[in-house]
Amino acid sequence: MVKVTVWNENVHEQTHEEVRSVYPEGIHNAIAKGIAGSGFDVRTATLEQPEHGLTEAVLNDTDVLIWWGHMAHDKVDDAIVERVQKRVWEGMGLIVLHSGHFSKIFKKLMGTSCDLKWREANEKERIWVVDPAHPIAEGLGQYFELKHEEMYGEHFDIPAPDELVFISWFEGGEVFRSGVTYHRGQGKIFYFRPGHETHPTYYDENVLKVISNGVRWAAQPHGTKQYYGNHKPLEEIRSK
Amino acid sequence: MVKVTVWNENVHEQTHEEVRSVYPEGIHNAIAKGIAGSGFDVRTATLEQPEHGLTEAVLNDTDVLIWWGHMAHDKVDDAIVERVQKRVWEGMGLIVLHSGHFSKIFKKLMGTSCDLKWREANEKERIWVVDPAHPIAEGLGQYFELKHEEMYGEHFDIPAPDELVFISWFEGGEVFRSGVTYHRGQGKIFYFRPGHETHPTYYDENVLKVISNGVRWAAQPHGTKQYYGNHKPLEEIRSK
Amino acid sequence: MVKVTVWNENVHEQTHEEVRSVYPEGIHNAIAKGIAGSGFDVRTATLEQPEHGLTEAVLNDTDVLIWWGHMAHDKVDDAIVERVQKRVWEGMGLIVLHSGHFSKIFKKLMGTSCDLKWREANEKERIWVVDPAHPIAEGLGQYFELKHEEMYGEHFDIPAPDELVFISWFEGGEVFRSGVTYHRGQGKIFYFRPGHETHPTYYDENVLKVISNGVRWAAQPHGTKQYYGNHKPLEEIRSK
Amino acid sequence: MVKVTVWNENVHEQTHEEVRSVYPEGIHNAIAKGIAGSGFDVRTATLEQPEHGLTEAVLNDTDVLIWWGHMAHDKVDDAIVERVQKRVWEGMGLIVLHSGHFSKIFKKLMGTSCDLKWREANEKERIWVVDPAHPIAEGLGQYFELKHEEMYGEHFDIPAPDELVFISWFEGGEVFRSGVTYHRGQGKIFYFRPGHETHPTYYDENVLKVISNGVRWAAQPHGTKQYYGNHKPLEEIRSK
């Protein structure tokens, strides 16, 4: 059974009534419940816990980590960020959601600014499948819509993705590469755009399906551990 | 000086008054004039010419071929299509425009159906730069607009592009990968979406800039001829 | 259970004693038996069968098709090739082995010549994992070796792969992109290099592991059917 | 005229007689002289200079920065590394050579460990062109050889490159992705493998040709500056 840890900074929910009314138990619990039916073993972790809930023990027992953060990116300890990066390199899957584009961990894994355009105007978002062969698109139609979302617009300053799965259309005139995948070391990364804290996005059936698909994709088996450094002498090879 | 051949089926212009009024000298001449200022040596060729104007001599003297076709795709001789494909493999650049997505040559080079959604509704198209490091985006702003264009929508059934330069937004709710590049053998291919025959798109300054940039990109020097088949015996290598 | 059809031209086995002695029941049966332990539902098909054993019924009942061909590429009926291509576009996985690089179906799906260098000199091949995050590399070490194989060398005239999983090293001085993946429509394609007909390659544990991994990767669920052509009118969208 | 700055830590040359005998004026001057004939405006900079010779003024006046470092990676000031990264994001080209794979700047731009296998055994390296359409392969044959080089072997822990131009074969049994390109923001990056400090690699005609080709590729024009952050209100767009 795939082991998932849903991490949320869980700050808006404490400080903004508007957010609390949408996610009374926090975004992390909404996501955890929303994907529980997919047969994963799901736990949650938040910023305020010791080591942000991401101890060595928890990460070593996690197949896929889901990350939601926004206003408290800077409060995440650099040592924990490096620990997460190391685990991704070792094979843990990572799903970065929405404003997580600006998290320390995502920027560190991308090597770019990860900046973008944004606008809070309750616009309609239409998310188009552009790679229908991809397992993350399983069970979706040709597109799905979110009636009200924050706009994120290009240029999204990320490396050219290994795979581009979704492109979003926004009412106000923007487009966005909304579903992108990367390999880093032995780990797989999936960035998925939707999920502004004031909208009930993480209760949406299609959004939850995409996150579940992403977990399965990121949890796939992968190659064995690689070894680096000085390699056996040529002489030894020659004498074989 | 880069040698460009602009190929156009030149059929709409003969049969549709609406198209003739926009392109009285044909789409090929509009493009040829439009990019002439970029310092290229430009000629044109059309379907009705012997060998569609694409003789061995012409192709061997062409650095970059620009292709516009629509209602007469099936009238293009298979032998000429193979000749063009061979020249692309040998290093000739190819720029495929708009409805050329369904040309024999593009489908042959892609290996997919190249199908898409479309709608003729004079919609606004906004073309976003998503790879600002790319030479084809030179001199453009963050996006440019065409007030009235035919809509092309995803899913666009092409292979994952080597590089994705532009994404279009359409008023009616669709997105499209509007500028995509590929290598095939020693040749470079650039597909660029805009250019419905009833709109004055090929007089638009930004569109012409993109086509000129595309020509320069596709005309870049490349590696030398590759040799295939039986390779020198191992013994010969061992005895070195 | 994943349904696999192993296709083999099965000609060398009839005409070359050297090949028959290695594969007395044909390459197709060696592969079918070799991957049977992976829990697939495996059948075989060969060139001499009616419709080459690839009827509509068989293809519609196949999740992943494995293809081995060499001296009889030209004997494969064009209509069957188009049928296979259509099924790949619809979501059937395709694994092309070794000399299948020159099969009609592979060339048609790639859009390139698919040519390469080759040498029959019983050389050692060492196959390196270069994408340890990839599910096709599951369970392998950092590399594995085949003591005696035909050499295939670069330049391998294929499109830039979506993913590059393996690179081969050959004793005589060549390298080769040995494991490459592509999406075409809703289908996934994996080309895997080893398997010259005079070597017992398809009894090798690592080779069989890679083919099994490839089947699982190509059989993954994918997006739903896409629709193309004229899209609902803008007015309808506006009035929503 | 393209403005190139060749940066070298220039430490081995001071401390190892063996290196000084090969590069009496330093690796940076060997490279600078070697590519001067290509019509670039070349200057050099080294670790021991104030701000490592990479002041704001120098970087703002540099189109392409070439980087060689090895034993002193840790001595490079983090503030300078961030300055270089910012300039790459703004459009400066970056060519990272050989042991520069472990430089702070390369690791920061890649988001991976950038680790690899290595062996100092004076092996023969054969560098194969695998993308003959690429401008960096201009003027090369199908491969070129270096008689004696340090071995670098896979797995090379980098993100999947945007383009893979070269693969190296080594006598002792390894392969390596030797020429890889990336876009980061508006900047282009080219990593090129050869150049161990005890070998006269930077006097080799083919190596210098590749570096010159790389400079021209990285110095190409690119898109204009992108703007990020809050985007104009939807109302304003609607009222247009």
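Chains here go by letter, A, B, C and D, matching the order in which they are written, and residues are numbered from 1 within each.
We take it that contacts are C-beta pairs under 8 Å (C-beta built on N, C-alpha and C of every residue); 3 or more make two chains touch, one makes a residue touch a chain.
Here the structure is a predicted model, which is why all the values come from computation and not from measurement.
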Practice task
Any chance you could check whether A-D or B-D wins on number of contacting C-beta pairs?
Solution key: A-D
Fill in the blank from the handout: Farthest chain from chain C by C-alpha centroid distance is chain D
Fill in the blank from the handout: Taking each chain's mean CA coordinate, chain A and chain B are separated, in whole Å, by 36
Handout entry: CA centroid of chain B to CA centroid of chain D, Å
Key = 32
Problem - Multi-partner residues of chain C (each touching 2 or more other chains) - result: 129, 131-132, 142, 153, 155, 160, 162-163, 173-174, 183-185, 226-227
Practice task
Spell out the residues on chain B that touch chain C in their complex, using ranges where they run on.
Solution key: 89, 108-113, 115-119, 121, 123, 151, 153, 155, 157, 159-160, 162, 171-174, 182-185, 226-235, 237-238
Handout entry: Complex contact set, residues of chain D against chain B
Key = 91, 129, 131-135, 137-142, 162-163, 183-188, 220-227
Completion exercise
Contacts from chain C onto chain D in the complex sit at residues 126, 128-132, 142, 153-156, 160, 163-164, 167-170, 173-175, 177
